[in-house]
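Two complexes come next, and they have one chain in common, subunit A, joined by subunit B in the first and subunit C in the second.
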Partner chain A sequence: MRLPSYQALGRSSGPDFWSGRTSRLHLCGVLESQTRLKDVLKKFPVAGLVFAVLAACGSACTGVISGNSSEPGGQLGATPAEAAKAAKAAEAAKAAGLTEANATAASGKLASRRLRKLTPDQLANSLRSLGFDIPGVATRLTLTISGTGTNFSSYAARQDMSVPHASELNSIMSEVASNAVAEGGVAASCVLSATASDCARDFVRSFGRKAFRRPLADEEQARYVGYYEQEQAKDGAKRALESLVRAILLSPHFLFLPELGSVADSSQPVAPMTSYEVAAAIAFLLTDAPPDAILSAAADAGELVNSAQRVVHVSRLIESPATAGGLLRFVAELFRYPGAAESTSRDPLLFPGYNAEQAQAYVAETDAFVREILYREDATVKTLFTAPFVMATTRTARTYGTSDSVGTEPLRVAAPAGQRSGMLTQPSWLTAYGRTADANVVGRGKFVLTRLLCQTIPPPPPNVNAMVPAPDGTATLRQRLEQHSSSPACSPCHQLMDPLGLAFENFDAIGGFRATELNQAIDASGSVVDATGLAYRYQNGLELSAQLAEAPAVKDCLARQAYAYFQGQTPDEFLGSYSEFSSRFQANGGQIRQLVVDLLSADAAFYRRNE
Partner chain B sequence: MIQIGRRNFLTMTAGLGLGASVLRPILAGSVAEAAPATTPKRLVIIGTANGLTFSLRRDSTLGADSGIAADIPHPGLRPIFEGLRAYKDELLIVDGLYNPYNATLHGNGFAATNLVQPPFLQEAIPASVSFDRFMAGKLGQGVAFDSINLACIPHHIDSMSRSSDGLQRVFPAEASPSRAYQNIFGKVASGGLSERDLERESNLFKFLQDDAKRLKGRLGAVENQKLDQIVESMAALDARVRTYAATSAQCSSLASITGEYKDSYMSISDALIEAQLAIAANAIICGQTRVASLNFGSSDGQISHYGFTALKHRDSHHKYCHDSQRLAEGKAPEIDGDTNPEAAQTEIHSYIFGKIGKLWGMLKQAPEGNGSVADNTILMVINDGGGEHHNGSGFLPLVLLGTAGRLKSGRYVSLSAPERKGTTSTADVFVTVANALGVDIKSFGTAATCKGPIALLEA
Partner chain C sequence: MIFLDKKRWSRRAVLSRFAAGAALSPFLPLLNSVSAAQSAGPVKRFVQWFYPLGTRPEYYFPKGGETDFQLGEVLSPFANGLREDLVILKGMYHSGGMNEPHDPMPAFTCSFTENDLVGYGPAHGDPDVAANNGTSIDQYLASRMKGSTAYPILLFDICNNGGGNPVYHANSKLNHKGVPGEGSPYAAFDRLFAGLVPAASGGAPDPALERIRAEKRSVLDLVMAELTTLETQVIAAHDKDQLQRHLEGLRSMERRLQNPTIAVGEGCAPPVVDKNNQIDKLSYVNMAVLGKLQMDIAVASLACDMTRVVNIQWSRPGSDEPVPPIISDNYHGLTHNPADDTGMIGAIRDASKLFNTHLAYFAQQLKSRADGIGTMLDTTTILSNSEVGEPNGHTHHDVPYLLVGGSAGYKTGRYLQYSKPTYGNRLMVAVCHALGYTDVQRYGDTDKIADFPPDLKGLDRGTGPLERLL
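Now for the complex of A and B:
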């Protein structure tokens, strides 16, 4: 029997953290959910009807079941005022040259004019492109910004310019400026120039163009030159140039990607981004670095306002892993596998020898694995979830049980038969969802449910012990989890997550394979039915992975996640408008690189609305 | 009290257990000892995690308002407070508090200092201005750092900050003593700044503020918040530069402090804690700041699975926290029985309060006027745990040291009975402390749950 779609159960009214809006957060009504749960289980007695529970729990347990709203142009819950504003925006979008389809998608769903902060890595790469290779810049900056939580680093709404962060930026740019005026530095020639002001003017023009990723307006140039001259009168050319370099590199025009659009008239509801803004957006999203010479030239020529031209440049950049750092970052942030290296806290008695180096090796191997999938394989969702190989190094060969000769760089070797295939059996991901002693079954299950199927799980209700009982030497993890999840307070939500997490029970807290626990054979089997009615029945994580690889719901979710990443928007900000990309993604067999080309060539991605 | 010069104090802190490798005199120079005309008030906030089992903090026979001037451990108080024995007359333990916004599981630690509903219960995301940052705005005028925020685990590993400047605006914590030293005292060590240096820096920060303001007209209200943040941060750096020279003269004899966090199962080393204590104490003493935070826990309400190397425990603070609570409730412990969890929990809290006592001792030994820096300081120990899952730490035992002349100390006060059902919000203590420090407020956080200053605590 086909289950009701969760969309029918009501749209999420959860808080929208990144946009700064806080809306209602419904908590679990335990008694009510129990009643409904019983009703549902009577109707669907198959063990592990997770999404039957989900559907019931959608309104009862939580009220927060996410509308992942694949309805085209869906604007659930829009007020009359919002609808009127959206209609006006759509009209203006059409007038601005958007296609009708995109104009519809744009109605009220475009990102507003905004500033997108460069990530620490992007900032380090930007400095490198200007000739400054300061060791440890990204790490220093990472220490002074807040984490992304479950969101992507590309979300535009981040607010990271705290005093400590600004102080760190100032410290870094002071070092950079000192290098710039030292012998051989980018500004050194102006230090001894007989015509210091003229030299500084040229420097502002050329250095500013590279730093701001666009030519400076005459007024801007005059302002920087004026600042230089003011400082030069008191300090001389060298110190004044240092100050000038700092002023440019601490400017919001360098630290952020301004997306202001080409229409200065704020009465216009929609404006296309400038060719330079488009170039910068494409470059940082795809390559994690500023535009290269070819893209910069295209921006100068004004080509990038044209969708067909964007396809050419996006396709060129995405063609090689060397220029697709942003795409790799998207996959890493989607799966959150770098989390393995962020905390290496593991019980040394249970995992002797496990340390930060091994965790970092795991992450590097998965980076290499993703590159293989995207560039040596067919770059499809199916291959990502089922590829029967791993990338091993001497540090981790034991984890894979491989006898192949491997070195310090990740080398492609066949995965142990029946043990590993695809992303969800990568040790980095399994470790990122591990605990000090145990596999994090609930975390793994929650990941599949929320990141790959785009469902929403609320936090545990107040004053409920959500901890799985610790190992006691007698009960397996599955048994301990069953005890735990049988609690009336816990079961509504854990029945959504646990069967999916238990599929990976063959992997311990550091991603090692195990066939038994406490001398009992591991039982990693389960069965679930998703909201589209698709049944999954599996004996282990490999079988679940293979079924997820084929599932339309997973492809829809990945399209949604990619849209969020490449638009830099929260799901609440783009409800409905990703559906055309999802449809194409389904139709082309889940080709990930093509999805990104589609996303970055669409008109709607490069128009901004006025607030 | 033995009177020692401030310069001597800074040098001799090595003898207080910080270790010669941590503190060694590297700079000469005169040190101003005269107290300012109006003695500044200071606030130190220590954040701990994982709750504190009721039975570990007091005996149920202890009255609701009991003097604890007798030796600690007082008959009604547990040994965890032993490290504060020397300061029992200045100790005020406030029990039975309730934080209505941090009652969920592991909680959102920012709720402990924001006192408003966090936007996400389970993520370390602030909803509002934290108490330390609020007080920084009031007490921090005219000093280089309106507040400093230190931690024992790096921010990117386990969000170790409870400080924030508003919704989504985390004020990050520094877990590297070496970096903290360089940032807070480094320019003194490198010879300070000339008048022209100050002017140049100030010009730059003003230019950058102007940059941000010029962009504001092209963006909507939400985006303008980012620009406001830039303007505020640049203004703060400008103010810091202008005040640094004046305030940092006090620090000219401070020896270099070094240390780095090393991630491992039991990762919080004694050396790192000692170094952070030295930085916090010296930043207060030599006038670089008047508000200092030091976090032993993380802002998601627990020291996840970390432990203290000095204690050589088999498991983490987090695990012992759960098991000691289970024991208190008559249940069997969950972890392997190689350690008595209640004993381990006692050792952990004794260790933390021992460190807190050491920090207070440093402030006590720093002369100011006719007394010490501690006379004008309140040290507050808060716990950011969630609800009953973590030992009922939503019902906080809050420890205060120092009175600033305005608090009635040497007491244990329980503000509710039965103990686990608090009705008085920690916000009321924050208001009481703010008032004691000369910051006259009637409410903090969400007004509906703040009743105002607690008369019972006031002298």
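Now for the complex of A and C:
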């Protein structure tokens, strides 16, 4: 391992975060400057900042997993000006009718009035609900860049429109529109109608209501009908309807979900979203699709304005996996297990027969496993991390060590004793964090540390060989990783990640179970201490999973992640305001579905700040 | 190439290349107005060219002096007929990344925006950080030339997907966000050339196409009116930006519909794109083929004067993807091998040579098209660069800024070596001057280097154009 070297850059010496001691001076030097601090605060993920400060000024990646943003759910990082602003917002929130608890929670951390853009899947589901089943729409929309990396697809600020994307949408909507006026299409009856204009008027009203998820305003209705009449005079009813459908589907009111509240409230500092906006938000977040008939009717009746009313609808939808696509998406994006299907290159000598088909089967099986946990089991964090069964298919039976020919649909079978239990032993997750020939130990460990314990860790320093040495047939992966613990540049951080990753050393690069490596018994034991002081000591991944399942820090982190997903805000945008949800989640034993009901019925989720 | 006297360029010379289709060309009025804006000089164009993970300085920089230099291995693709079109710059520093103690690797946008990078940057989970760093030079020049052509700028991506840093290769002044490019040559062709009628072929557009165009335009007008209204109701800058981009996307389609004919003249013809045999735009195996298609479309769009600013991005910064046929796996991963790994060194040399081979092809396409009294390469400034100098060290010094073409604005065929650290900021100013925007005196963050690296702390990045270039 080469130490970072400024000599290599033509310098005689320099402060270096990675060598430990002198690093402190440097970063602290940055932070001492008030102007820089402001910039850093603005741009740094807050938790990352805290970690970095602790790391640099206190102890760089000490052996204890520490430096979580704060006490679970605590607020942090507010300057006096921000605090004053927050207090003002809280007051306004209370005045606007939020409960005391919600108003406090909302203190300045409510999402702003905003637009959310439909994700490709949501767009496909919306088109389907309008009567257009266009195969592969979602995969054709390749130019959206939301939902990548560590971000959730629901983050409003990460959704991007662009010139090529607009052009892509235009070509899809042209296709859809010609579909609408073809025989059997949604607008076909108006093409042949004797009273074409009346028919079009009704069509605009009903199609517009569904597309915009609210009744059209009078002037919108008039504008679309006027447009139809103008085009019909030039080109006839069929072409006019086709253009009309295309215009409605290219409208920002279809492609975006406004969360703006009513016009009357637009000057209020804090205002509720309209019941139509609430219905759309609940529907897309929870079901990944537009509001169903019941939710639409509730919106028409103005029924979604208080928490008790929302609980009824959220509870109804979350009862069935068929209408909880958003919840399943959240779990998939949190664990990032669908990444298995994008990580299919494996050494054919080590993993004969492994291919994309097997990777896709893994992902489908974990989808089924999550449904099983959330809908057949008790939907708790504990069960998610410890359930002793797998969902196998014939294609993957060998991975699970089950000899049954189970069929093509995932079937629940008991995992071989002592080999698998819970999410972190699912082959999809293990493969997503696998490499060509061996396990991605650092990736697995970093996942547990950052995704499940909500810690942040700095990126590797420059000028170091960040590649784990390739297998050479003599050293086990644990041995090959030893330089991480022996090098002063690497060990401060890797001693946090590597033991967590090595816990899963019983699983190879495609998630297969193994008891030995190079004829040596696998050593998957380890120990770490988390930010709350809780010690984890384990012989293998099953034991680690069981301890994570009970850990308050994991529940707090999951509450935080769920808050981020269902509020559509990055953690640095809301830090502090998820504490009430976290406490309730801890108190009810980590009930995941209940957490989502809480999140999607709270007032804080449906009030918006006017700034 | 020859250093052209600006006075020798006349508007008549510029227009003459369109003489064949002059009677029907919808671009003529535009050309007139632009010619007026750029006074009596030639039409000038700018191309921003990016390739990932730098190069090996020992194989990149020439040997010899300003004019008697011998090209190194990496730039040898220019040896055959393009040596005199180059300005090779040595001693150049990236402005970005200076404040980041953890990771001095400049983020990509810094290589064309010349701004400080604060925070972790896009590789580390926060794409907005780097994307917030000001305006890249292509976007800036596009904003200055706006209205001259149907498209202020066209952005072409070649395999900008997979591992590495995401899409944010150009920042617009308006919103300081990354602007994604078009990754599919087929979609690019459709947007720019499908259904266009060569004016020289007789001129009468197909009535059926005409009707579709009229209809499409009315749809776009309706949607644009809604976008404009909604824009007044949203408050967040991000939302306004989203609506603006939607609007801009529709406008760009509309502009194309307004101009159903192109003036097929000297050098201007629709590119050849076989839509019946499409290849996967996401597959790195296809990178070279996709690249040629994108380059051909870009050249055609310049030759037909549909745009005067083009951005071409190969792969992505810090690419974790292959560079076939040289690197079959993870390029970024490979660059982290031990510093003395000769296999790695050779691969970096060969990969950067490959990207320069593509650049030489692109330049040659421009050079083969006459423009006024010279060629299109004389009137096109190509600025090539990468996100690092040398990738194993993540260096931000001796970054491979390279000018190809543009001899209408400065003398080419030179190797300029700067002995003291010289920041890209002043190169950007020089490029602006070369393109006629002499009012620009500062570009990007030109204040003193704040914190990092320590030996450059306090250095003024300077104002005015880079000395000796112009």
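Rule of thumb we're sticking to: the second predicted complex is superposed on the first by the 515 of 611 C-alpha atoms of A that agree within 3 Å, B and C clash if a C-alpha of one lies under 4 Å from a C-alpha of the other, contacts with A are read in each partner's own complex, and residues count from 1 in each chain.
What we mean here is this: contacts are C-beta pairs under 8 Å (C-beta built on N, C-alpha and C of every residue); 3 or more make two chains touch, one makes a residue touch a chain.
If you're wondering where the values come from, they're calculated on a predicted model, not measured in any experiment.
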Quiz item: With the two structures laid over each other on chain A, which partner does A:Ala356 touch: subunit B (first), subunit C (second), both, or neither?
Solution: first
Just checking: does A:Pro348 make contact with subunit B only, subunit C only, both, or neither of them? Give me first, second, both or neither. first
> Once the shared chain is lined up, is A:Tyr227 touching subunit B (first), subunit C (second), both, or neither of them?
Replying inline: both
Which partner does A:Ser167 reach: the first (subunit B), the second (subunit C), both, or neither?
both
_First, second, both or neither for A:Asn610, with subunit B first and subunit C second_ = both
Thinking of the overlay built on chain A, is A:Ser112 touched by subunit B (first), by subunit C (second), by both, or by neither? both
- Message: In the overlaid three-chain picture, which partner chain does A:Ser243 touch, first (subunit B) or second (subunit C), both, or neither?
- Response: both
Subunit A contact set shared between subunit B and subunit C covers 15, 17, 112-115, 117, 142-143, 145, 149-150, 157-159, 161-167, 170, 227, 230-231, 234-235, 239, 243, 246-247, 250-253, 256, 258, 260, 266, 436, 459, 461-467, 610-611
Residue set of subunit B touching subunit A in the complex reads 103-105, 117, 119-125, 127, 146, 149, 154-159, 165, 167-172, 174-176, 179, 183, 196, 199-200, 203-204, 207-208, 211-212, 215, 218-223, 225-227, 229-230, 232-234, 236-237, 240, 263-265, 267, 304-306, 316, 319, 322, 334-336, 387-389
The residues of subunit A that touch subunit B in their complex are 15, 17-20, 22, 25, 112-115, 117, 142-147, 149-150, 157-159, 161-167, 170, 227, 230-231, 234-235, 239, 243, 246-247, 250-253, 256, 258, 260, 264, 266, 342-348, 355-356, 435-436, 459-467, 469-473, 610-611
Subunit A partner, complex, touching residues on subunit C are 99, 101-105, 118-120, 123-129, 132, 155, 166-167, 177-183, 187, 190-191, 211, 214-215, 218-220, 222-223, 225-227, 230, 233-236, 238-239, 242-243, 245-246, 248-250, 252-253, 282, 329, 333, 336-339, 392-395, 397, 450-451, 453-455
Per the touch rule above, subunit A residues touching subunit C in the complex are 2, 6, 8-11, 14-15, 17, 23, 26-27, 29-30, 36, 39-40, 43-45, 48, 52, 112-115, 117, 142-143, 145, 148-151, 156-171, 223, 227, 230-231, 234-235, 239, 242-243, 246-247, 250-253, 255-256, 258, 260, 263, 266, 436, 458-459, 461-467, 610-611
